[in-house]
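Chains here go by letter, A, B and C, matching the order in which they are written, and residues are numbered from 1 within each.
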Amino acid sequence: MKNLIKGKSNLWEVVLGLEVHAQISSKSKLFSSASTEYGSEPNSQVTLVDAGMPGALPVINEYCIRQAVITGLGLNAKINKKSVFDRKNYFYPDLPQGYQISQFQHPIVGEGFLTIKTEEGEKKIGITRLHLEQDAGKSIHDQDFENTFIDLNRSGCALMEIVSEPDMRSGLEAAEYLKKLRTILQYVGSCDGNMEKGNLRADVNVSVRIPGEKLGTRCEIKNVNSIKFIQQAITFEAERQIKLLESGEQIVQETRLFDPNKLETRTMRNKEESHDYRYFPDPDLPPLILEDSLIDDLKKNLPELPDKKKERFINLYKLKEYDAEVLVSEKDVSIFFEELVKGREPKLVVSWLTGELFAFLNKKNVSLAESKVTVKKIADLIDLISDGTLSNRQAKEVFEVYLEGSKTAKELISEKGMAQISDEKELSNLIVSVLDENEDMVKDYKSGKDRLFGFFVGQVMKLSRGKANPQMVNKILIEKLKR
Amino acid sequence: MSIDNSIVKKISKLSKLKIKSDSEDKMAEELNNILNWVESLQEVNTEKVEPLLSVLNEKMPLRDDKVVMDDNQVDILNNAPEKKSGFFVVPKVVE
Amino acid sequence: MNQFEKLTIKSTIQHLKCKDFSCKELTEYFIKKISDNRKLNCFITETPDHALEMALNSDKKIDNNEIRAMEGIPIAMKDLFCTKNVKTTAASKILENFIPFYESTVSKKLWDSGSVMLGKSNLDEFAMGSANTTSFFGNVINPIKGKNNSDLVPGGSSGGSAAAVAAGLCLGATGSDTGGSIRQPASFCGIVGMKPTYGRCSRFGMVAFASSLDQAGTLTKNVDDSAIMLQTICGYDEKDSTSSKMDVPKFSEYEKLSLKGKKIGIPKEYLVDGLNSEIKKSWENFSEEFKKIGVEIIDISLPHTKYSLPTYYIIAPAEASANLARYDGVRYGYRHQNVDNLDDLYEISRSKGFGDEVKRRIMIGTYVLSAGYYDAYYIKALKVRRLILDDFIKAFKKCDLILTPTTPNVSFLIGEKQDDPLEMYLNDVLTVPASLAGLPAISVPAGKNKDGLPFGLQIISSHFNEALVFKAAKFIEDTNK
């Protein structure tokens, strides 16, 4: 068995489940018509419902229902034709109604699954459920010594809570699960998956056990806001639990907070009674009944999902599995690729996309969409390489300047005097002069010193200041040396 | 099922109501009286009865995904007992 | 006698149309009368300036012949309905200074149809009570006096509205009914109180007590007025997900209906212990009167009636415990000063802001929803609620209307029944079943006891059949004259 962690006296298995909160990319909130826009003035996007004013009543956003269903379909899940909204009761300053409208016993989406890549191959991770709920507002603790500030702009935004089965066995698997889930959300269009903005948040349930024994007591780790943090948090938490168990102590079921600075988890201030949420059906909202026609319609129009797309890429463009995986893992990238590959050599396109372009995006720390790089821009460059105007090396040299500037590829090349010499006559002249200057070497070569071929190429390139088309130089040289 | 002072304490915590300790007995007694009285429901056979969630059999109305802000949004803060720079303010919360 | 004393909504509309008097004159009369009768404590907030402004506007409309359904009719607005820029308290200290920046749908519809707001009427705190004795602003006094001129309760929770109409301080008033809060005070004050089908009136902007039961309605001097006023406030509202899309018929055309050949059911379970003998007699008398006009009176059974009150006193507090969680002193409402931690802010603000009855119900509601008790109490109550609804559905296969007393007894002295919450709860025993089933029900004056205290009879119909309810109520009203 892999992934086991060695403690002092035992080998331990980590058991992981994820609860992911994904904000639905809707214009307005789940039960109110306030805007969901990020980064506005505090409390500027708040209606009566979002502020829990007396007499305010929730009215559900149809778009959010559709997105929940479509996400459920993307997760191979059972869509529940009847679901019920419940009130989850607790007091907190950023929870204006004193309850969160959520779904408890009857969620809109039931059991499903997704598959992840592991070293042992594909692995199915079960989805327990997906339900709709309101987000809370934001409590800001660090702007004032004595007070906490409350901003309700986020209050009432639509969330999908997606709960997995405890099917993951390592931080890597958890990371793969979250990546895959994010990809699926992006493909169906229900959530942009942006973890920095908090549009995708994960809580991790961690427990450890000796393989084969029953599940251990779990701790829920909150506030893990990146895929890297998830792995770090799991590593720390698993080790903490193993240490405790091996020294004969018990795990206390609790909610813990991940501290990304110290790379550790710590117990949250005890929320004593808050575990009794007193869920009950919200009397302000009748049960939600989904029409068959709606589900069928969404099924019919379900976009191609990453697994399918990957398969298609492999078959259609003869891509390596690894490359196909990389390309489909971001919806934007997969679309970009398909546009770019039209009429071009897939291998060249993949290497430029996953090589230079990704390196560029990484360096600038932006996503493809944010970078505003267009398909045409990359296409122009690749075409110049294909027709021999530009060498790969030259293209790489100018890549960054090219992407950041407004010049076309041709303009840039001529400005830098970079265009390759691909003219046969010009090249012939160059080669002849090199051969003339090195008569002895030519003799040596002809008598069998094949290695000197490279020397001639080097001299031609030197003479042309690197602009000679290497393929053509090779070709002509071979001909000239034959004689 | 009967309510003693410890349950009164627990319930008052959950509902964020302070019950003075000298009123706990009285509250427990009142709540017990009410609970004894509703106890009669247990004699009703409700096997195979679905809980009634809504007296109307009408479908839940669905709203279009449109942003509509009522004119007086600034007023959200107007009744606030304490506010600062556009925020509602509460005593510091330690997480 | 003042020319305005005997006015009804219906007659006033005619007088205003004929310009027998102006709306301003009428409104000034009521403003004065309200201030002369402050000892009744019917109003939490009087709004004379608003009223005059609205009256002048109505006079203009009348001059321009743009007369709307309730043009120039001065009314009282139960202080549970949020009114834009006018303090709305729900009779609670916790909302003592709350000024909404929005208008409830019910009040908006009334203003849009020309009604004039005289003020915000008193009620039991958060509509929790049956005698209007739980108001933070003091109890309302029933204008009808008991023996030795003693002060009686007006009933509750719409006590201020009912007393104001009965005392002639307005032509009509809004109420809200969760378990009898319109019908019971109407019965105690000798006026007509109508609770329509659940979903007929939007709950938007009405401070919530128990959402699955709360329903707005009217308190008026007579049945015709009730039909006119109810018409104004009914209709689908996209701001309330439980509001009904059923068409609203023209209620005033109830007159065209015929009772002949209709069947009225008399449920034997409503002959409760302690039912006042005079009320019982009146109930029997009116059954006989109905027979005379060709109505068939049949005995019916609503076997789960006796479980209605226990069911209600689980469901209503449970919903209330969540509905009242928003009153936490953070965004509006009473906040205890000088607290240095959040729990104190919550606990002290709420403990000082809510009255005893409200706290009691929050505690009960929290308890029945808490882990380990939810199924035994709350889910059980939802199941019994279905059985109660089913009783009515079965009954309405046999009859068109159900006739019962509204209350087991007449009004009582202020201060009576205060020590034992349960005794107070029993006031609602006959009104709660229709609330649980979401059925329309009216209380119409049916007589007075030997001490001159009024009582009403209750008429219940199947869902959305308000017009027929009005028809039968009108018959009782006419016969009672």
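Operating definition for what follows: contacts are C-beta pairs under 8 Å (C-beta built on N, C-alpha and C of every residue); 3 or more make two chains touch, one makes a residue touch a chain.
Keep in mind that this is a model prediction, so the values were computed, not measured.
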Check: Measuring centre to centre with C-alpha atoms, which chain is farthest from subunit B?
Finding: A
Next item on the list: If you tally contacting C-beta pairs, which comes out ahead, A-B or A-C? Let me know.
Entry: A-B
Note to self: Need the CA-centroid distance for the pair subunit B / subunit C, whole Å please.
What the structure shows: 23
Margin query: Report the inter-centroid distance (CA atoms only) between subunit A and subunit C in whole Å.
Written below: 57
Note to self: Using mean CA coordinates as chain centres, what's the gap between subunit A and subunit B in Å?
What the structure shows: 40
Check: Tell me, which residues of subunit A touch at least two other chains?
Finding: 48, 51, 53, 59-60, 89, 91, 93, 148, 150, 276, 278, 283, 285-286
Note to self: By the touch rule stated above, which residues of subunit C touch at least two different other chains?
What the structure shows: 98, 102, 212, 238, 241-242, 321, 325, 328, 330-332, 342, 346, 366, 370
Next item on the list: Return the residues of subunit B touching two or more other chains; collapse runs of consecutive numbers into ranges.
Entry: 10, 14, 16, 51, 53-54, 56, 58, 60-61, 63, 70, 76, 88, 90-93
Notebook entry, point to check: Which of the residues in subunit B come into contact with subunit C in the complex?
Noted result: 1, 3, 7-8, 10-12, 14-19, 27, 30-31, 33-35, 37-42, 44, 46, 49-56, 58, 60-61, 63, 70, 72, 75-76, 78-82, 88, 90-93
Checklist line | Interfacial residue positions of subunit C with respect to subunit B in the complex | finding: 97-99, 101-102, 198-199, 212, 238, 241-242, 244-246, 304, 306-307, 310-311, 313-314, 321, 325, 328-335, 339-348, 350-351, 354, 359-360, 362-364, 366-367, 370, 373, 376-377, 379-387, 389, 420-422, 437-438, 463
Checklist line | Partner subunit A, residues of subunit C touching it in the complex | finding: 81-82, 88, 90, 95, 98, 100, 102, 104, 203-208, 210-212, 238-242, 318-319, 321-322, 324-326, 328, 330-332, 342, 346, 366, 369-371, 374, 378
Margin query: Can you tell me which positions in subunit A touch subunit B when the two form their complex?
Written below: 26-28, 33-35, 41-48, 51, 53, 59-65, 84, 89, 91, 93, 139-141, 144-152, 257, 268-269, 272-273, 276, 278, 281, 283, 285-289
Notebook entry, point to check: Okay, in this complex, where on subunit A does subunit C touch?
Noted result: 48, 51-60, 87, 89, 91, 93, 96-99, 148, 150, 276, 278, 280, 282-286
